[in-house]
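Labels for the chains are A, B, C, D and E, by order of writing; each one numbers its residues from 1.
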Amino acid sequence: MGLIDDAAFLLLSTVAILSGWRVFATDSMVRASFLLMMSFIAVGLIMLLLAAPYIGLATVFMMAVEMMVMALFMVMFMMNPAGLNPMMMVHQHQLAIGAGVFAFVGLTAAVLFTDLPDDRVDPGAPVVHDLGVELLGNSMLIFETAGVTLLATMVGAVVLSSRSGRFGAADEGSRPPGLEVGGEPAGRQPVQGGGGHHHHH
Amino acid sequence: MPLGDILPEIAVLLTAVAVLLAATFLPRDRQAWCAWLALVGIAVSLLLCTMQVGSSRLTFSGVWALDGASTWARLMILATTAVALGLSPDWVKTDRRHGEFYAVLLFSCLGAMALAGASDLMQVVMGALLSSVTGYTLAAYHRDWGTSVEAGMKYFLVGALANTVMVTGVVLMLGMAGTTDFAKMETALGAGASAPLLMLGFGLVVVGLAFKLGAVPAHAWMPDVAEAAPVPAAAFLTVAPKIGAAIALARLVDLFPTDAFAIRPVIAVLSVLTMTLGNLAALWQDDVRRLIGWSSVSQSGYALMAVTVVGLTEQAIPALLFFLLGYAAANLAAFAVVGHLRGRTDRRDYAGLAATRPVAATILVLSFLSLVGIPPLAGFVGKLELFVATIEGGYAWLAIVAIANTVASLFYYLRVIGPLSFGKAEGSQPQILGRWSSACMTIGGASIVVLGLAAGTLLALFQTASLLPVTAS
Amino acid sequence: MLFLLAIAPALGAAITFASDMRTRFGLATVSSGTTGVTLAVAIVAAGFGWTGAIGWSDQLRLTAALTPMAATMAILVPLIALPVLLYAAGHESERGLKRLIVLLLLFVGGMELLVVAADLLTLLIGWEIVGACSWALIGHDWRDPDNPRGGLYAFVTTRFGDLGLFLAAMAAFAGAGSFAYADLAGLPSPMIEMVAFGILVSAAAKSGQVPFSPWLFRAMAGPTSVSALLHAATMVAAGAYVLIRLHPVLHQEPAFAPAAIGIGLVTALAGGLVAALQPHAKKLLAASTSAHYGLMFVAVGAGYPLVALLHLVAHAGFKALLFLAAGIAGEKAGTYELDRMGFGRALPSVAALSALGALTLGGVPPLAGAWTKEEIVAVAGHRGLWLAAGVMLAGGLSAAYAARFQLMAFGRREAAGGSGPGRLEYCGVGLLAGFSLLLSALWYPAIHDAVATAFGAEIPSSTLAELIASLALVALGLLAGASLARTAPALGKVGTGAALSDWLGLPSAIRLGITRPFSRLATSAAWFDDAVFDAVPRLVAATGKGIASHASLSDTFVVDRGVRLAAAFGVWLARLGDTVGEFVTDGLPRGTAGIVGFGGAEARQLQTGLTHQYYALLGGGAALLVVVLIIVA
Amino acid sequence: MLTLSILIPIAGALVLAISPKLAEAQARFAAIIVSAVPLLLLVIVWIGFDTSPSAPAFQSVAEAPWIPTLGVAWRVGVDGIALALSLMTALLFIAAVTWPADTMGRTRQYYAWFLFLEGVSLGLFLTLDLLIFYVFFDLSLVGMYFLIGRWGHGDAKAAALKFFVYTLAGSLAILLAIIALALSHDPLTFDMRTLIADQPLSAGAGASLVLLGFLLGFAIKTPLVPFHTWLPPAHVDAPGPASAILAGVLLKMGTYGIVRIPMSMMSETFARWALPIGILALVSILWGALVAFAQKNLKRRIAYTSVNHMGYTVLGIAAAGAFTAKGSTAARDLALTGAVTEMVAHGLITGSLFLIAGAFWQRAQSYDLDNYGGLARIAPKLTAATVLATFASFGLPALAGFVAEFQIFTGTFAVYPWLAALGLLGILITAALFLVMVQSLFFGDLPPQRAHFPDLRGPEIWVVSVLLFLVVLIGIWPAWLLDLIGAGTRALIEGG
Amino acid sequence: MTLTTVLIVAAALIGIGLYGALSQQSFVMLMMGLELMLNGTLLAAIGFWSYGLGGAPEGQLMAIIVMAVMAVDMAVGFALIVAVYRKRQADVTESLTTLKN
């Protein structure tokens, strides 16, 4: 059991890390999102190994859905139609690598230098049940807040992204009042009046 | 389930939902009704919250703190929301979906309140998250205005990283302390074990809260939002989340025993960096809104002074509360003036305002002087309390740094006040937004003065304000 | 009550000022009335032994009292002032005449206060009022900027001396807790020196002793009557008077006598020489004043204040007389250059009166001045032969310039012409001449013995040898003076003579050594103040004004400022090497301002608008925070 | 009574600011009336003031809570020192308000700010609470900032900004020191009387630091060299009446503060630092005089003499505070009485001088001494007033300045002989510089462009006459003033 | 498979995520970096739950919260990306530089 678990963990973590790394090494966004999904699924499976069936599965499913959405998004909105063209857009690369390595090394060091708690979960414990009790008991308020947050997120996301509303184009007139009535609003404005430009190689 | 303990929040939530529904069904020219509806909700909530004054207990299995700090902070947040709501209708009325604006504002208010009352790291995370997502939305609400969406996007990007960092920190702290419940954590930390991973987690949580607070190193959004978000949103976002986060951070710092962990000096350094950076960056600012934004950063630094000495002196919590109150009043008044003047923001455009719009000019001057800490305005009493607390807490050097910063800050406020008072107006009289902005402005200006003069009463109330789970020794 | 003596003239001045009296006669009436009343009060006060006291606070009390010598002085002042004021009312230009009279009366009042003072505070008050009045009087005709400049010079010089009196008062308080003369007797050691020398210095300054003498020349910018009063009975006399009055105290300090004698003798000789060379009538008389007060200093130093007082009285009479006469001559000539005068024919009566004064000045017996001078020779002789010789020499010089003055001013050179002096002027001159003549009675042993008894002091008698030697020198002096007047009328106008005649070059030495360096110092200080102390706010402002870009920032701040600082440093070092320390300490605020302004610009650069850099900032900050937290923990 | 004399002008200012219908003349008249009320009230207090040695130090005391949790309350009361200064302040404000000024079309605001400043200044002198003291200290900056910035000339905005920023730095240092001082007392209180009685912070490095905070703040406000550079521009660019108030009243806040706070409340520490303070004062005396001597600008010249005069004041205070050092009680009492008298005298004298300087600007828009000359011809009254004021300023006897300076020097000499002796040079230099100034303004030739330079007129004559009358009165018969001041200094010196 | 190894794997994911967040120009890719960080955090949470907390339900709750954060960030993030793209045609951080200093 132990050996198999260890082997599975090794394999899954390798997959998680490698695919995670590949996310930023591929030149297609769609591919990147599928790689990310892979990483998530690997982590979800590790969680299953860690005796967290509910969370593990939730992760797997949620992320699968989420990555689909992401891929869809890229196809729908982004400058890279179909998201299939090769592309690689990075900045402050050295620094980013350094930061990543630093974060990894630092966290690892902290982990190694810390006297970690050791209190294994009882394999037979009704973990899902416990979670349910927690959610509707002790941590009720947190759960409720999370619910409100999701509601607020939906409202916000809809407001920001919807193209048209009940009264026509949703964003028409959605700007500050003019400095004089009917005039232009005060303050700085984008140089090209809102035009961005793309950074293709 | 002690629902009674969160009645004010429930009131806000229900109002938000009601506003949302109303926004969906009301005809376009009646969308402003949503604002009044929201105001009524806030009023009810304020009333309910007032009834909680004096209570000091943990509820919802220790997740929610009903103590002086929380109650007063939530009252301030509600009042802030009310002012922002009052400013809003005239400002966003050209927007076709401004009904939702009020709803999001209410949700955001809820988030800040959740932060202020949170007595559990997970609740802190949720509060921060709720406050953040609504904040992004508010900042980017002018979807047809380039800088507004830019500000929202930047706010989001900084916030997303900060929240991620915070969540990581919370996980680490949970792992090391075995709990996220403050009361239990206090016991765990009382043992004095300072594992690297725990400190790491704490540091990351501090960064996450620094984002809400607008403190270094996650302050970058503050000037952008102040400059480009809709003015009511800017007014709200530079104030309300800060109040919540300051209380949350104070609560967190208070968990650590005063002798075993050297976290307070670190907070002090953060405070110094924040106030200095904010002031320096504001020094040559020509855009008044941005200037207020940077000054808000520096004010976060001052607020951190009180957080530094939490647990070291009884004055820390009264100082923090009153400082936040004074800051909120002054900042809201300043934004109200800007809003009232239809977003007028170039420093040079303010020339001669004292002659053309004397009331607005007076209130702006008052609010700036209050932010400097000129007596007897509210800001003065706040700073006084801060100085008393820091000196009593053994951080006199911090007070000296704050003083140097205050002097520097006077310089840039005067860069606005000067032309405003002494300059010659060019062109016609500046146009204004409407009666509601005028009312907000007046309320803000009056409260700066009244809060200063009536400081005694309030401070006496704050004096008894407890901070659970640890009461200041 | 005694303060009435000072208040009376001041009151007269106030009444004159308030009235719209403008005529010469009217002013003459008022002024003679006032001085007359003052004289009467003085006599009554002396007779009844009045005293006075005004309490300012527990520690400050103004007191007044008269000793016999003080009483003499109190009477002398109005006595001289009366004729001088009459003369002034008749002689001086009508423009501003009222102001002149008012100020002269105030002047008298100040002097009286000084005379009756019985403590250093009261003395100081009178002392400085006299000084201030002299400023206003010398600069009386302010339309010519030279006159107020003369007043300024006089005032500042004498005020420098006044500092000595301040010092004396301070030391008295520190030592005795009181300013009263009576309490000065037992002062402990460092205090008594300060009192003695402080008073000596201020007396020397007031009395035009070396090295303060040049101010008397500058004081000649004032009207003649002012000069007459100034030299005879008020301002200048105050110096000698205070030494006489405080002699008992001053003599406690053993070093006082040699110092006073030294100053006095040097001034007497130098003054005599300068006077002998002077081509300017009034300056000649002014130098002679210094010289004669020098003689009084010698007398006081030698321990005979009464002798000094008597010489002061005699001097007051003839010197006022001579000034008034010189004024008349000067008026006629339109200048005070001696070689342009010679009004023996034109103004015979004035010439005769002047001759009386000149002979008294020259020390020709049996006139009063001769007797008092011989007394000084005698007291000097008690001190040592060399001192007596010095005094005799001074007497010889005195005779020489007296002769020169008389012969040049009132010699018979020009025919009569134009009008003579008016009645009021005659009146003044005549009264003074009478006074001088009257004093000659001192030659009678009975009289001077009576005086000695009255004052309770000893009057030494001079030896015959001294008398003969002295009179021989006087005769020699007269001859020399006469011949100089004939053979070298332009003496002292050009060349070495001119240089020497202006106080032997002392004024230029003062100018080069004190005035100019001071004014340079002040200018440098002002520059320093602007350039360095003010650096903090100015730099902040400067950064705000013109400096937008980073490059220009560094240019202005580093390069330009460096250059400026270096240059400034050089100048500063050159000028004021000793204040380098200040410069260095002030680099700190200057630098702070620079950094703050800089920091302001730099801090904004942090906010690049590029989100990924905010990310780096956030990440870096978090990393730093965490690392510090872990390390500290 | 005292509270009223603070609040009435402030209320008057508010009313004036918000009554748009008022005509210019009405506003001015109202302001004069309101500004006179505090003087009246204070005179009443003065009449009832007991100067006998057995009387309590602080009289007419009143108290109302403000922030009880911090021990802050509205406490007012006067001792001899405060009463003398507040009387002078009230008088000078009437003078400044009455002085005809160019209000640049904003008459109501102009007078409102003056009244505001009057209330604030009186508050500072009358309060017995440290924090209220600070409140008024700061508010005085605000009032003056607006007066200079709005009604100044030249580079007024910059001068006002510099003034505000520089002096705020000082006042914040004071705030910290105040807090530290109050915290050292258990329980926390800002009551001056308690702190004077208890001397809570008596020794140690902490006490020195607190003292340093006070001194820095007050040295900036006073100002002492080298913290004085805000003063000249503020003066030069301020309107005449504002300059008069700045020099006459605001500078006194610094010296009064030194007397009232560090010297009274931490006398041991102050005594230890008295010598350095005295040296700083000496430097100010000499430096102020020296720099003033070189100024070509009328107002700058007067401004620098203020540095010099405040140096005298601080010198006297330093000597008076050096109680563990040598020097008898009488001498220290004399020095302190002199210092306070100097504050009053300087207020009156320099107040008049700046008003006169303001008259020059109003008539000819120039302060350059080289642009003037021979004015005695056409402006005899102006000449007389100026001469009298300058004489008083350089300490001529029979005028107020002498009474003050003589006491300072005499008192100081007994404690620090060298400082006093060197300080004497100051009165020589100031004499020279003022006489040169008088000379170049009034004597010599009249430049043709000044041919129509008007003499003092109307209210100007009255204002200057009253001020200078007091200067003369104090010079000749100062007993009434010294008695009042002495009541305060006696309690301080002998009680400490 | 111990807590240490799990945490190290989590650290690796966080490190990579941070790299992505810092290096990617495109908003979407940047967000992927953040997601990857959260992924690591999620793993750490469950690791702690499993090995250190004795199965205390708070660990699981924490994991749910991490997921909530992910979801919320995603949702609002995409909404914003849409809004920005529509108004500014911008999809990389470098395009948004109006607000600075």
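In this section, a contact is a pair of C-beta atoms (placed from the backbone, for glycine too) under 8 Å apart; a residue touches a chain by one contact, two chains touch by 3 or more.
Computed from a prediction, not measured in an experiment: that's the story for all the values here.
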Touching subunit B and subunit D alike are C
Compute the shortest path length in steps from subunit A to subunit E over the network of touching chains.
1
Of all the chains shown, whose C-alpha centre falls nearest the centre of every protein C-alpha atom combined?
D
Could you work out which chain's C-alpha centre is the most distant one from the centre of subunit C?
A
Roughly how far is subunit B from subunit E, centre to centre by C-alpha average, rounded to an integer in Å?
26
For subunit A and subunit C, what's the span in angstrom between their mean Cα positions?
94
Please tell me the distance, in whole Å, between the geometric centres of subunit C and subunit E computed from their C-alpha atoms.
91
Could you tell me the distance, in whole angstrom, between the mean C-alpha positions of subunit D and subunit E?
64
Shared-interface residues of subunit C (touching two or more other chains) are 540, 604, 607, 611-612, 615-616, 619-620, 626, 630
At which residue positions does subunit A touch at least two other chains?
91-92, 95, 99, 102-103, 106-107, 110-111, 116-117, 138-139, 142, 146, 149, 153, 156, 159-160, 171, 188-190, 194
Set of subunit E residues in contact with two or more other chains
14, 17-18, 21-23, 25, 30, 47-48, 52-53, 58, 61, 65, 68, 72, 76, 79-81, 83, 86-88, 93-94, 96, 98-99, 101
The chain pairs that touch are A-B, A-C, A-E, B-C, B-D, B-E, C-D, C-E
Residue positions on subunit B within touch of subunit C in the complex are 153-154, 157-158, 161-162, 165, 194, 196, 199-200, 202-204, 206-207, 211, 216-218, 220-221, 223, 261-263, 265-266, 269-270, 276-277, 280-285, 408, 411, 415
Considering only the defined contacts, which subunit D positions touch subunit C in the complex?
158, 161-162, 165-166, 225-226, 228-230, 287, 290-291, 293-295, 328, 330-331, 333-334, 337, 373-374, 376-377, 387, 391, 396-398, 402-403, 406-407, 409-411, 413-414, 417, 420-421, 424-425, 427-428, 431-432, 435-436, 438-439, 442-445, 477-479, 482-483, 486
Subunit D partner contacts - residues on subunit B that touch it in the complex
318, 355, 369, 372, 374-376, 380-381, 384-385, 387-388, 391-392, 396, 399-400, 403-404, 406-407, 410-411, 414-415, 418-419, 421-422, 455-456, 459-460, 463
Show which residues of subunit A lie in contact with subunit B when the two form their complex.
106-107, 109-111, 113-117, 137-142, 145-146, 148-149, 151-153, 155-156, 159-160, 165-181, 185-190, 193-194
Please output the residues of subunit C touching subunit D within their complex, sorted ascending.
54-60, 121, 124-129, 132, 135-136, 139, 142-145, 147-149, 151-152, 155-156, 159-160, 163, 166-167, 169-171, 173-174, 177, 518-519, 521-523, 525-527, 529-530, 533-534, 536-537, 540-541, 582, 585-586
